[in-house]
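In the two assemblies presented below, subunit A is common to both, partnered first by subunit B and then by subunit C.
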Partner chain A sequence: MALPRRHAIQVVALVILLFFTAFFFVPMIWLFLAPTKTDGQLLTQSPFAFGSFHTLAQTFHRVVTYSGHSVLTWLKNSAIYSFGGTALAVVAAIPAGYGLALTQFIGRRLLLSITLVVMIMPATALVLPLFLEINKLGLYGTIWSLILPFGFFPFGVYLAYIYFSSTIPRDLLAAARIDGAGEWAVFRYIALPLARPIVSLVGFFAFVASWNNFFLPFVMTYDSSQYPLQVGLQQLIGSTASFNPANFSAGSSIVVLHRPDLAMAVIVAIAPVLIVFLFAQRALVSGMLAGATKE
Partner chain B sequence: MTVPAAAAVPDGRASARRGNWAAGKREHPLAGSSRTAGYFFVAIYVALLALLGIAPVVYAIYLALSNSGGFGSSFVNAFNDYRFLPAFEHILEFMGLWLVSQTILVVGLTLMLHNLAQRVGAVFRFLFYIPGALAGAASVIVWLFMLDPSASPFAFVLHWFGYAQFNNTIAPGNLPAIFAIMAFWTGAGGWIVVMYGALNNIPHELLESAQIDGANAFKTALFIKLPLIRKWVVYMLVLSFAGGTQLFVEPTVLGSAALGVGVSKYWSPNQLAWFVASQYDNFNEAAAISVVLLVLGLAIAAVLVWRGRLFEAE
Partner chain C sequence: MATVTFDGATRIYPKTEQAAVDALDLEVDDGELLVLVGPSGCGKTTTLRMLAGLEHVDEGSIRIDGKDVVDLAPRDRDIAMVFQNYALYPHMNVAQNMGFALRMAGVAKAEIDERVRAAAKILEIEGYLERKPRQLSGGQRQRVAMGRAIVRQPRVFLMDEPLSNLDAKLRVATRAEIAALQRNLGVTTLYVTHDQVEAMTMGDRVAVMKDGLLQQCDTPRVLYEDPVNAFVAGFIGSPPMNLVAGVVESGGVRLGSTLLRVADGVPSPPGAAVTVGLRPESLFLAPAAEGIPATVSIVEELGAEAFVYAQLVSATGAGNGLNVKGNIIARVEPSTAPRNGEVIHLGVKEGSLLFFDAESGDRIRRRGE
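Here is the complex of A and B:
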């Protein structure tokens, strides 16, 4: 009697797992197939049918040339904001993690606690206060209104802190000091070369966080020429006929896009992060766990 | 709070520069570094923290309190705003649906995956995890398509519910559930990977002895594995709660697919704060709302750091 029942449970478990596989993965497959079809084919063909490469090229062309190559401008903006923010985050976080882990100074524990609190607090809670402050400082509408907040990355500091306190032998640093190396030389020539993995990990995380951020650039930019892709995508929805038919009354000057175009734009927007996800899954997950590793 | 003064015993201090570390090594693992070098290393980060972490909070509190209507009047205005309570009701409803379903499903799916062969489980985990790459506006657009009965691969499900058109699906009553589905789709995979990692830390002998004692897979999951990952479940729940209160992207982006129905521009508290700031230039009320949200986020984070003992701060 026991055996059939066990089998039944296994079958149920498998059905549930397949159901959720469909839930998680079908939207991804659909997204990548949509640009190969015309809007009409999207409605009549099977959701999993492949259209043609010719249609894909046309879709791509329409997206790229939309509104004076806006998508390329947004792509460039995304790159400037994200790489600028990431560079600042790394330059600030790596020495800070080192300082917190391997040097002593008054206020160290307090700084560590504040870092933890700000890291756990949802970053979005700071967006409106940041907007009010940036506005007051007169930085509104400049690239600094995005690069500076992206560069403030407490999570990266925490990752670097964990890395330095767990992997760099203190005796090694002490030995260098005996040999007469100054504090900067110890960091530059001993700790930093050993810290390559953490530099790329912090860089990955800072980049993904900046690239995917919507709320902050949505608030800080006011003109299409300043948008990063995430915010630009929202404007594209407004130009997509099936989602906003009211915008396309006869004689309207707005360029009409269709669902496959919007799907194509989404693929362009997520491509860099998707590549990071595909090739760095292990590193990203280990970083997620490093957020809370006191077993 | 700060480094205890006792660490600066005369011996350690005198030897700091010269690097005579051996004597004080055991008690003072950091002795040997100079006292001021630390400030130098954290300087850029501290400047950013002060400018972009602390100053905005202080300024928002100042703005919220310094209304011409008198001390605290911005908060009174915010609470009396007819849009304030509905916005919080909306996110409460959203979080109720999301947190309950996420907790049950993430734990359930992880336990199921843990019973599969290592390799098979890895494939499932990877497929569940990939949508996490689509944060922000991208995932909302993907779900615009999924919720559109004319194009969606899930159209048959939408038709069961009697939704023939996109604006049937995004009826106001459905929004909390829709946002819960979006949040689950992007976030659950990452949590499943985390939980799975925690399950792998359970000693093999423990599971084996349970098996010898006659526990089946179901009982092992319920009475042995689940209690051992409870900490992670709490961690996920608390972090998700904190994040959920801040909901902004989903209603904003969904709202731009108007179709005559539209999502209100002040559906969530963060949206309301942005709305009063951008439409009425009412920075005081915007600051008051964001301070309420900040206090929520800060309180949750502080409880986790100081009570949760989850984090390694020595």
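Here is the complex of A and C:
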């Protein structure tokens, strides 16, 4: 009796897993297939039908050339904001996590608690006060209005803190101190080289968070030429005929986009994150596994 | 070359009452290898870390060559330390590990290479200079850790249980090598271990610690023959000294129901409760009706000798909680080893008995001893 019952459980488990796999994969497949079809085909054909490469090329061309190559400008803006913010976040988070984990100073516990609190605070809650602050500093409309806030990344501090406190033996730092290293040298020559995985991990998360942020750049930028891609996508939706029928009476001069173009734009928007992930993958995995094995 | 002086050095960890190291007074002579030994938690490692500058000194002072170093950072003390887990820098190869201190000191690269090579030659690790620590065996890592210390030519070596991660055979071989190396280099060395055999075989002098207090510091022979208290007597020696509760009577000491005659006299008045110390090698198998009767529990045959673990027949339990059950260990010739369960009689070699106060554990000495 035992064997058939075990089989039954396995079958049920398999069915559940297949359901969820399909549930999450179908939208992705649809998204990647959508740009190969025309707007009409998108409605009439099967969701999994492949249109044609010709249509794909046309869609791509339409998206890229939209409004004087705006998408490329937005991509460039996104890259500047995200890489700038990421660099700042890493430069701040890694030493901060190190300090919290491996040094003793007054207020250490308080700082750690504050880090945790701001980490769980929704970033959107800070957008208005940030806007006012940036305005007062005269940075509104500059790249710093985004790079500076993106550089504030308490989650990265927390990750670095966990990493340093769990994977770097205290004796290693003691050995370096005895070997004549000052506090900066201990960090520079011992802790930092050993922190390579966590640098990648913090960098990756900071990059994704900055890249995907919509609301902050939506508030901080006022001109299409400053938009990052996420805000640009919003404008694309505004240019899509089927979502705004009233705007597009016949003979209107505005460039009309269609749903497949929007899907294409979304793919363009997520591609950089995928590429960064592929490059950082090895370091990321080792970062996430850090501490699991004993040296 | 340097002398090290602990002068009332005290360390009290935050949020604790008892001092981890309590008013330690200790002198380490120039070129000497002094071993700190004691059970875990006795403060020996804390002592070492205080000297290294890794642990705060709450009271008293520590001097190297007469100069107070308490307020100096570890980097400014000119000491090298070998850690229990070696603490090799995992991202650097062996040569970089060994040369790190010189690099920090701003020594020219050519000289670093030369000195690393020289040290590697002494330790026979020249073939591994390009390897990372994780590619080395435990014994090789241990050598690299030693190499990292000697490359620097420091004033003082500190070693914190450097052999405890090695297997038994390698440990014996390495401890002789370290002792020989230390004598060749002539660098003042403080060596921490919980293993009294290591302490006895390596140390010029051995300092025995317990509960943060220095018990006795002397040469291995003096510690063995002339311990100041029951703790040192029981700690030094393998197997340890037997400590049995007794009551002084005229002409001897009563252990349970047996009166053990003591020819050279007992240093306490009749009626006094004492702890009697008997080395396993001071005991011998005596004819029946002589000596102390005991029931054999286990016999350990080691080839050249045999150890008999026995239970005193008339034991009353001993003081200091050191030997409550009346167990006694005797060294005997393998050929005469008794069988398990057998009742034997143990004689005591003349002049080998030590007496300790049953309460304090302090040694009670005979006149002139």
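Everything that follows uses one rule, which is that the second predicted complex is superposed on the first by the 248 of 295 C-alpha atoms of A that agree within 3 Å, B and C clash if a C-alpha of one lies under 4 Å from a C-alpha of the other, contacts with A are read in each partner's own complex, and residues count from 1 in each chain.
Quick note on the criterion: contacts are C-beta pairs under 8 Å (C-beta built on N, C-alpha and C of every residue); 3 or more make two chains touch, one makes a residue touch a chain.
What you see is a predicted model, and the numbers here were worked out from it, not measured in a lab.
Asks: With the two complexes superposed on chain A, say which partner A:R108 touches: subunit B (first), subunit C (second), both, or neither.
Replies: In the superposed model, A:R108 contacts subunit B only, not subunit C.
Asks: Figure out whether A:L194 sits in contact with subunit B (first) or subunit C (second), or with both, or with neither.
Replies: In the superposition, A:L194 contacts subunit C only.
Asks: Quick check for you: in the superposed arrangement, does A:A269 touch first (subunit B), second (subunit C), both or neither?
Replies: In the superposed model, A:A269 contacts subunit B only, not subunit C.
Asks: Examine A:A174 and indicate which partner it touches, taking first as subunit B and second as subunit C; both and neither are also allowed.
Replies: both
Asks: Regarding the shared-chain residue A:F24, is it in contact with subunit B (first), subunit C (second), both, or neither?
Replies: Once the two structures are laid over each other on A, A:F24 reaches subunit B alone.
Asks: In the superposed arrangement, does A:V11 touch subunit B (first), subunit C (second), both or neither?
Replies: Neither: A:V11 stays clear of subunit B and subunit C.
Asks: See if subunit A has more residues touched by subunit B or by subunit C, and give me that chain.
Replies: B
Asks: Between subunit B (first) and subunit C (second), which does A:P122 come into contact with in this model arrangement: first, second, both, or neither?
Replies: In the superposed model, A:P122 contacts subunit B only, not subunit C.
Asks: Quick one: classify A:A49 as touching subunit B (first), subunit C (second), both or neither.
Replies: A:A49 sits against neither subunit B nor subunit C.
Asks: Using the superposition on A, tell me which residues of subunit A are in contact with subunit B and, in the other complex, with subunit C.
Replies: Of subunit A, residues 174, 177-178, 295 contact subunit B in one complex and subunit C in the other.
Asks: Which stretch or stretches of subunit B touch subunit A in the complex?
Replies: 1-3, 7, 19, 21, 25, 29-42, 44-46, 48-49, 51-53, 55-57, 59-60, 63, 105, 108-109, 112-113, 115, 124, 126-138, 141-146, 148, 150-155, 166, 185, 188-190, 193-194, 197, 201, 216-218, 235, 239, 242-243, 245-246, 248-249, 252-253, 256-260, 270, 273-274, 277, 283, 286-287, 289-290, 293-294, 296-298, 300-302, 304-306, 309-314
Asks: Under the stated contact criterion, what part of subunit C meets subunit A in this complex?
Replies: Residue list for subunit C touching subunit A: 49, 52-54, 73-75, 77, 79-81, 83-85, 87-91, 100-101, 104-105, 134, 148, 152.
Asks: Could you list, by residue number, the parts of subunit A that touch subunit C in their complex?
Replies: Against subunit C, the touching part of subunit A is residues 169, 171-172, 174-182, 185, 189-190, 193-194, 295.
Asks: Can you list the residues on subunit A that touch subunit B in the complex?
Replies: 6, 9, 13, 16-17, 20-21, 23-28, 30-31, 34, 42-43, 47-48, 88, 91-93, 95-96, 98-100, 102-122, 124-133, 135-136, 148-149, 151-152, 154, 157, 162, 170, 173-174, 177-178, 183-184, 187, 212-215, 218-219, 230-231, 233-235, 237-238, 240, 242-246, 259, 262-263, 266, 269-270, 273-274, 276-277, 281, 285, 288-289, 291-295
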